[in-house]
Structures are given as structure tokens and as C-alpha cells.
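Here chain A shows up in two complexes: once beside chain B, once beside chain C.
What follows is the complex of A and B.
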């Protein structure tokens, strides 16, 4: 190779270094993946944590038997928590409040927002069932006084009472309150509060790790081209676009 | 065509051998080491005092405790600065590094500086005047970055002020504080390793340095916490496909043949998952492997209960090809387990006979010799469970044998994969985090699945 060509090829090298990202081939990347140490025990714990937090009590029991993984919470408490959650999901809010208080009265005492949301849900259920008088009485006696403590409670209360003004609630601006998703929202709020009271994280770890994977891949994209996983559900590695 | 198939088959068996060997060796390594983990998490050295050997000794005096400096000369020019670095560079495998100085006496001109310099720094110059050095100067409040000219940065500082210098590895920025408050805009230009550095340059200037031996004036914990929260928020903003965690858990249970768990899980999710999941299910149902689920479950149960004879029996009945070759790793692993179970129940004589018949021949295979040796060593101890090879007697070792058999059965289905989706995702996550750190010059906190799993 002549001196000139050496010089040119070095220039080209410098050029690619400065303008393009680091390219990691599939072969190199797979080697890196293989070098990662993942312990089965840790994966089992992740799965157990998911089952427990999401309330799959029977599955958690079976998983303990089948894999020997110890749950990070007393499994009996899951049953109680799920009963509360289910009660809210079915619209039996009074029942749910009673169950929460049986479990630990401090949960609602120390969490006025949660208590308000449960009462609001109770009002929604009364309106849903066409019990107008009972609904009004409940709103005035139980909810309005709480609204005085907190401006946002008052706004929520007014929004909810607005349901009474419409004959056809399916078509009114606050109709979403009657949607099943409102129940699910309230239910998950109670669920989180109970978990917190049991000094357990309110969310399972697995979804956070999956989010972290997407985030880490996006960050690495800025600096390198490498095989990435696009579809989490198949976990298939896709070749880098070079 | 037929030829092709043959080839696939061969490479598959090679892959499974490799995979199982990895399982086995991993387990051994895990035993040896908590050591391994400690090695990886090895604590970096943290600056604790000033380096008195490599300081511009002619111009300043370092106190005997090596935590304060004083300029005793009359300064004449730009090359007689009293500079001193910490005893070692700031650690890089963390989220933030921070140290503080207290200006006890601003001296004649208050030409005090705090900053970071690299190992080649000329020890008679102000930090920031030379390339790869950075300094916040007290007399003009300017930030100097590698040249003689400074930039507008923060307030000036003088006697009685506490000034801090820090590196935020998450954002790759330097930051400085005055009396407990951040000053100026952080500067993005961190190329480690960097030494915490202090300079004095006029008569009677005296500065105390706090490397963390005393409480900092600035709330560095809150700063780090906020930085963590920022990162956490940007991660939590990521949207996941609906119910993807649910399906990943399901395919994990399928992969390892945890059939009872799976049944309960499916029963429960029928009533709790929103109806939209049913549509999703069609899309996902092909993921995760139903193959031989019941066989795999039973084999796992047998091995977990220590009944290796029955496991051999079932394999002979259902998948004779898997254990056809008595010198294969899977046979080796099951023989080891059988031996271990014999030791476990105290039938040592029978264990010896079994070892001679089935284990001795594996000594010649280099990659397996270690495990054979560990097994036989069980015989040497009166209380084997308390011995260094006691790890073999635990449930963990049965689990390894069960996982190995599970993989072998799974591979009877040509579409199978030797790893669960969850494992592949976690590997990808770890590799991405490692790579990102490597590109950043190994700066910042390392990602460790174990610590995520164990945190609560």
C-alpha cells in the first residue's frame, strides 16, 4: 500500500469514527448476552413478586410448591386484599370500606384522598342504581363536609353530582365516571394503599424492568447500533440497521 | 432436505450440551462465590485525604491530618500556585461524587479554587488553566475549563464560605455549590478518572477539606435522590404493550413446566383481566411452549423430590434418546444427583458403589471433573451439609438437574428455545446497561438484577 493510500484509509477511519455510531455485530452482541449472569433464583423471585403483588394468591401458593420460591409477603394477606379489590370492582363500596377497616383502620385514617375516592365511588354506585334521594343525602352529609377540607375534593364532588342532572348519562360530559374503568381505578388505589400499609411495594417489579429495558435500548441507540429486542412478547433479537 | 434436517438436529444437541454445561458450572460458581459477587461489587477507593507527595510542596503547607492547606509564600507569577490533589481519583461507579472545602482564611487576594484535575496535571497551576482540568475560582467566581480564560459561572467566595465540587455521573456533569446551594449551570464534560483538587495562591490563604469525614453543608443525599427520581420518572414514562408482563410470566411458567401454577394463574386471570385480554391472548398464545408440559412437570416433581430412579425410568419410557448416551452431560448430571441423594440419606456404602460404577468415568472430562470431585468430596465429611460442598445437598442442586432435564425435553420440539423470554429480556437489559456504561468510560452506577430483586 502506498503512503498516500495509507493516509486516505486512515482518514476514512477517522471519518467513520467521528460521524457514525459504534456498530456491534450480532455475533459480538450474542457473546455479551451469554456472558451475562442471570440466576434462576432471581427470575423466580421476580415471578413470585408479580403473582403476589397482582394478587394471584393460589398461583403464588402453587409456585411456592413447584419452584421452592418463598413469597415476600404473608400469602394470607393477599386473600384479604383481593376481597377488598373485588368488592370495589363489583360496586360494593360499603363492603370494601368495612373490609379495609377490618384489615387495618389506619389505612383510611391516614389517607383522606383514598377515603374520599371510595366515598365518591359509593355515590357513583347510588346514582348508577337510580337511588336519587339516597344519593343526594349521602352527598350532602358525607361528602360535602370533606369538600370543605380540600378544594379538589369539592370539584370532584360537583363533577359527580352533575351526573344527576342528565337523564341520559350515557351521553353526558361526566359519563366516564360511570364507566367500569372508574371502578378499576378506585380498586387499584385501594390495592396500592393496602400494599403500602403492609410495607410492600405497590407495583410489581417486572413491568418496571421491562420499561427499563425499552429505556436502556433507546439510550444505547444514540451511541451504538446493536441487535435490539423490539417485541417484548417474543424477545426476538433483531439485527442492527447498518 | 433430509440432510438439512440432520444438521439442525446435530447442532441442536450441541446447543443443549452447552446450555446444560452452563447451568451446571453457573451453579458451582455461585457456590464458590459470594466471592464472585463481591469481586464484581468491589468497593472503589474513595478519596480520604490530600496527596502530600505529589503536591506543589514548595508553596503550601499541608496540615499533619492532610485535610487542610495553607499558602505561606508571597506569590510571584502564574506558576507558583499551591495545588494539592486528593489521595486518589473520585470513584466513578456511582451516581454522584462530591466533596467540600471551607475557606478559613481568604488571605491577601482570595485566589482559592476548587475543582477536578487528571493525573497529568501540572502541580503548579490553578485547576482549570490546563487541559482536562476544571476549576471554580473564588476571586472572580469564574469557571475555568482547560484554558487561561474563565467563563461567567457563579458568585465569588471568600473567608467563611463552604464551597462544594461534585460530579454527577448520570448526566455526566460537574456541579458546584456555595454554602449548601447549587451555583451556576452544571457543565457537561466529564472524562475520568479525576482527582478532587484544591488550590491556594495568595499569602495566608487557608482551606479545610471535607471528603465526607464530616457532614456536608450541601444535602448531597437529597441531590442524589432527586437524580434517581429523575431517572426513575423517565423510565416510568415508557409505555408497555397491554398486559405484556402477564404474558411474559405465563410463558415463564410454561417454559419451566410449572404446570400447577400455570393452571391457577390462567383460572384467576380469566376473571380479573379486562376482556380486551382475550383478543390479546390469540396474539400471544403461540408464544410460550405447551410442548410436553405434563411430562416436564412430572419429571421436575420427581427430581425435586429426590427420586432420581423414577426420573430415569420415565425418561427411558418417554424420551429414551435423551439418555441414550451414558456419557452425555444430562446422564452425568442425573448420576451425580442420584449419588447426592444417597449421601443425603446416609447410604454411604451404596453411594461409593454407585460412584465407582457411574461417576468415576467422568473424571476424564475436564469441564466436568470439578463437579465430580465436589460430589465425591461429600464422603469426606461427617456432616456433609456443613462442609464446603454442602451446596450440593440443597434444593438448588435438584433444581439445576430438573432445569437441565426440562431443557432436554423441550429440545425434542424443534421450535423450542433453551431460554425463557424473561431470561432473554433480562440478559438484553443487563447487556444494554453494561454497554452504555462502557461507552461512557465506565462511569455511573452499574445495573445489577440481583439488587433490584432484593430491594423492597
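What follows is the complex of A and C.
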């Protein structure tokens, strides 16, 4: 085979590859979408699930009233859960622990890792407030016995106590523990544990639906050009790039 | 600093306990809540409060408060529940204080929160092994249990399920629960909330375990779709649900394998369990046990597990230093099951250098882990290929194993003995490594133990150490055991130990005249004991070993043969006749071997022996056996008769080997 013919056949291949991708126009696409039926009740349930899981209790109450959608959880427990979450976010960890224990004593009794993280957060707050003596006493009394029970707790405890060794904590290798993100991390861990104890999923379903949408689009991209959604917040269909 | 810290906290503990007795309800309530918040999640605090007698004081508050005092009831019930959570001493303190009836009283309270608190605390108690067994056979108890399962309150239904999980053990209990309608109620709870579902799966496993009748009933529920709901839950989003559903299916498969014949389900089960190994916490801790259970004694499943890389995954966990005790134990047991039959698993295990990691676990603080490490090693060392290459008799492995022979815990000692039994088989003459480590001394010490399991397994190990040992090592072993100990082991009250001791002697006399001499020391106490067992033992296995010893001795000198004749012909009719007529082919073969060796021509006394055997009726018994159904026996019979022929002249028996060939 001559060089020339090889070149031609390669061109032909590229050509078939580009034409193998099917193009779907906006019109066709919208027509297809119109054929898909979605029940309003399902939509409402998804919205309610989002409000409940994220803890928007007042919105959930209003939505229940206006749409007649029943939440799958006692709305009063959302208030309690949010109070716990907020307490951790503000650094009132002791208060948060008491609230969790009132809600359901099993949560911290059967979840050593979460209990440790809350106690660790308490230690971090003491250090943040410069209560060095109190922090040491607390570490020794409350956290050291947990470290004896679990090697990984001991390592985390050592990392936390290391905060006391630095004058300028903002610039030390374990400084991130004092970051607000650490509080948020602990808060979301408690939030998830409370939800699980109430037999409720710890994540709302809407984000997973959107994840599935993106995944499905990525799959389809390999086979077709179609009006895809780029901006999830507006859900506008973009014209297919041909 | 440390002293001041602990003294302030212990002061506070005492102050709080005294406040529990306050007249003011408000003070009492506050103190209760503070105690509760101090002990939740905190083992150390629980223990110190229990020591100071806090539990009975709190129970007094619970029992003396009336129904209108909801807040106090809730706090005291929750505190008692927490004492019973995760600490055995706490469960005991709660049970001793008589908390049961008071907590049960709370279940009928009007305030849901009080009911929740009572049910949760009872649930905690029933999660402990120390809780008293629930007596299902009493009609009122069964009715009460069903009322719990049928309750609207989730915590109460979970309590009902926990009671079943805790107390349902016997076939009769499983059946009674089934007839009372518990099974169908549990199936409904599978469709309930996450917590109900998990509690129900636990109970289902307890109700169906080893009970084909209950399983059949369960499978038939919901017009045959019940099993389907389990296989669906096996793919559930929640790891714990997946695990519990898998455990249920494993339980069903063990008892009624016909319901799960599809190998696809088994493969899926294995894959799910392997995936769950990664889970943190309780799920990940329990998974290896479920996996070990699933593949135990099932070579096909072990092969599937191996093909989906279960072994690599399990071994990769051994590299983690922070592995918790229970998980490590489970992983070692799962590896043990995987390597229990398949040589390719063992080869892969050796190639991953995992043996060192298991060896490390031999010195773990926890006895269960040490035992599991021994069991794992025992499976791996079944590899004949590696044994003959001498891969196991290495100081690094032998030293810690020998050390375990002194373990405080008998189960560790037994597990170590079983592993040692495997590795000392070694075909490369490296048995001295074991002897030099002090292993021989320790085995001999344990062979004199009062505990018969220890005795059995140590004699077994000695038997294997003796197997094909060089004569110098035989010498060392025999002088360490001493003839008198060996004699008393041959005469041990336990037949299993007699068998192993005789097998040890058999290995001793296997190989040359010098070895045979060992059983004639001290006035022949050993051979006399062997002869006694051969004549008197009722267990075939004991007789077989004994007869083989005599057969081996008959290969020795004229005086050796004479001693055997003496043992066999002491009583009339000879014990040999009994064995030759025995329906157990193994005994017949052993007895004929003995005759073959005794009649072996060439020695000065051989013709006299033939004549004596004839006079005692043994030869004519053998003549009846030329067509013995056991091929081995048949051939030996022909050899024996051929050897006797020159002495006895014409035997009148056709000895051509052409007949009956096709029968086998």
C-alpha cells in the first residue's frame, strides 16, 4: 500500500468517527423531554426531603402546609438537631453533647469515634480560648483514656495537644485544627449521626439526582451532540455544538 | 498536675452522688443529668461511678418516682441504660440493682419520651451476653414479646427484636416464636425504618440458625417472596444492612443449601463481604467473621473468594498498625479458612510475605488474636510443598510459637500445639531447630498436663516430631520423654491420647534395629504396654496403631520377633484371630502385615514361628482370606501364604494371581 492510500484511508476513518456522533436538535430534544412524565408528589417529596435533611425547619413547616406533603420525620426533631449543629459551629461543644444525649443517649454511647471527635473539639476550643491548664487537665482526664482504647485516637490526641507547643498557632503544622472548617467538619459528623439514629438518610436525595444527571450527560457526550445542561442552577439547555 | 486533675474530678463524682439523694427534685434532676452526661461514651467514668455505688442510688430514684415525674423518669432510665452500655461490670450492676421490672413499667407510660427511654435502656441490657435469658415458653412472656414487636413505637419494636436476638437459641424456642407469629412480624419490620430493619435482620438470623423447619416457613412467607427481600437487602445502600442480610443468607445456606443453589448468589455474597471489609467501625469488624463463616469447609467458595482477590485484600489489612483487636482476629480467621484447603491460596500467601505479619500477631496482647494467629498459621502450614522445603522451621516462627506453649490461656496453648504439630512434620531434617528452641522440653512438659486436650495435642505434636526423624533426634526425643512417661501415655485413660501415644511409638520404631531397641528398655515396659493395649483396647484406631508397632518391631532381630510372638500368643485364641476376622479392613491389613513380617523367611527361627502361628489357628484363618474384599489385605494374604508354603508343604490353596483381578 502506498503512503498516499494510507493517508486517504486515515482521513476516511476520522470522517466516519465524526459523523458517527448523532446530532439531536433542540426541537427533537424538547419533544423527547416532554414525553417524560414526572409526578408532582414525587417532586414535592424530594423538596421536603431536602428541607428536612438540611434542617430548614420553618420552610419545611410552611411547605407541609402549602403543598400537603408529609415529612418522613417528626419536624420537632429537626429543631433539636439544628440546635446541636449550631452549638458545635459556635464552639459550645459541651452544650452540644448534652443536647445529643437528651435527644438519644445511644448516639454517643455506641459511636466512639464521634464521641472522641466531639471531645477533641472541646479540647480545641479550650486551647483556642487560651485556657492552657484546663485544656491539659481535660486532655488527661477525658481524652487520654480514649487514646488508650484506640491507637488512632491517640495519634489524633497527640496532634491536638501539639497545638499547645507552638507560640504562633496560626503558622504551625497542626494549625488547621483551629480553623473554622474543623468545627464544620465535627458539626456535620454529629448531624449525620443524629439523622442515622432517626433512621433517616444523612444526605438529601436532590444532590445525588443532579450527580446522576451529570454522569448521564457525560456518558451521552461520547455518543451524541445534544442540548446539554451546563449550569445546574439555571438548568438551561445549551444548543448542541455541531 | 495529674494528681490535682484526678482529685478534682473524683471530688465532683462524690458530690454528684450525694446530690442524687437531695430532697429537692430540681437538684436531683440536675445531678442525674450531669451524671448521665459524664458517663455517656466514657468507660472510665462509668467504672468509677459503679465503684462508688451510683447504680442502686439511681434505681432508687427511678423506682420511687411516680408517673407524673416524666423528666426524672427519663433521665434516670437513660443513665441506667448508659451504665449497661459497653461495660460488663455496668450490666451486672444494673441487673443486680433489680432494674428490670422498673424499666418495663416505663414501657406502658403515656409519655412517648418516657417509653423511648425505658425501651432504649432495656435494649442496651439485652445487647449484653450477661442479660438473663428471656423465657419464651411462658405464655405471658410470649404475648408480651409479641406486643413489643407489634408496638407503634420504634424503640419498643427494636427492643422486641433485641430480645429475640439475645435469647432465641434452641430449636424449640425458634419454633415457638415462629408459631406465635414472630417470623411474619419480623418480615414486616424489614420494610420499616432503617433501625427496625437492622434489628429484624439480627433476629431473623437467630430464629433460622440450624433450623430447616423455620427456614422453610420463612421462605414460604409472602407467597415465596421473603427470600427475595433478603437478597434485595444484600444490595442495600447501607453497609450494615448489607452485612446483616448477608449473614442471614449465610445462616440459611448452612442449614438449607437447596434454597440458594445459584452459585451467582454465593459469588455476589463473597464480593459484597469483601467490599465491606473496608467499612470503618462495627461493620468492618464483623465482616471477616461472616466471610470466614461463609467459606468454612466449602472448597468451591474458597476458590471463588480466592479468584476475586479476597486473600490479597485480607492480607493488606495486616499491614495496618492501628488495626483494632476484633478486626485483626476476624481477618486472621478468614485467612485461615481461605488457606485451609487450597494449595494455591497458601502459595499466594507465602509469596506475599504475609507469614511475618501473622507471626507478629502471635505476640499480640489479646489472647483471641494469639489464638487466631495460631489457627491461621496452622492452615498455611498444611502446605506439603512448603513443609518439604523447610520453610516453616525457622527461628523467627518457632520461637514465638514455643513461647505460646507457656501461655496463660489454654485455648492459646492448644492452638499453638496444633500449629506446631504441622510444622514439625518437616521433611528436611531441620527438626533440630525446634528441639534447640526448647520446644521438645515444653511439649514433654505439656504431655504430662492434667488437661486432656493439652495432653492430646502435645502427644500429637511429639508424634509428628518423631515422624521420619534422624536417629540422633529420635534418641533426644525418647530420652526427653522417658520410657515411663511414654508408657503411661500409652495407657492414658483417654482413647484418643492412647492412639496418639501409640502412633508416636510407631514412628519411633520405624527405621532400623537401633530404633526398635528403644521399646525394650527398662525391662520392656513400653512393649508390654503396647501389647496390653492391642489385646484389650476397644477402639479400632488404638488397636491399629498398636498392631503396626508390633509389625514394625517384627522387622527387627530374632529376639524382637520373639517378643512380638510373646505379646500376640499370650492368650488363646490369639488376638490376631480377632483382628483377622474383624469387619474393619484397616485392622485386617495391619494384622496381616504383622504375620508377613513374622513369617519372613531366612531367619533361624522363622520356621518355628510359622509352626506356632499354625498351631494357634492363625494360618488357617489367613487361608480363608485369599479373596478378601480389600485389595490390600488380599495381596498381603498371598505374600504371607507364599512365605509359609516351604514350611507347611502343600497348602491346598490356589495362589495364582489371575483370579478376581477385575473386581477392584
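The rule is simple: the second predicted complex is superposed on the first by the 223 of 242 C-alpha atoms of A that agree within 3 Å, B and C clash if a C-alpha of one lies under 4 Å from a C-alpha of the other, contacts with A are read in each partner's own complex, and residues count from 1 in each chain.
Going forward, contacts are C-beta pairs under 8 Å (C-beta built on N, C-alpha and C of every residue); 3 or more make two chains touch, one makes a residue touch a chain.
None of these values were measured; they are calculated from a predicted model.
By the touch criterion defined above, A:23 reaches neither chain B nor chain C.
Contacts of A:232 after superposition on the shared chain: chain B is touched, whereas chain C is not. Once the two complexes are overlaid on the shared chain, A:132 sits clear of chain B and of chain C alike. Shared-chain residue A:113: touches chain C; no touch with chain B. In the superposition on chain A, the chain among chain B and chain C reaching more residues of chain A is B. Within the superposed three-chain model, A:90 lies out of touch with both chain B and chain C [touch as defined at top]. Shared contact residues of chain A, touching chain B in one structure and chain C in the other: 199-200. Of all the residues in chain A, the ones that touch chain C in their complex are 97-98, 101, 104-106, 108-113, 115, 136-137, 140-142, 145, 149-152, 155, 196-197, 199-200. Contact residues on chain B toward chain A in their complex (touch as defined above): 22, 26, 30, 234-236, 238, 240-241, 244-245, 247-249, 252-253, 256, 258-265, 267-269, 272, 274, 283-284, 287, 297, 300-301, 304, 395-396, 399, 403, 420-436, 439, 447, 449-450, 452-454, 456. The touching residues of chain C, when paired with chain A in their complex, are 1-2, 4-6, 8-9, 33, 36-37, 40-44, 78, 81-82, 85-86, 120, 124, 154, 193-196, 280-281, 321-322, 324. The part of chain A that touches chain B in the complex is made up of residues 22, 24, 29, 32-34, 36-43, 45-47, 49-51, 55-56, 58-59, 61-63, 65-68, 72, 184, 199-201, 204-217, 219-220, 223-224, 226, 228-229, 232-235, 237.
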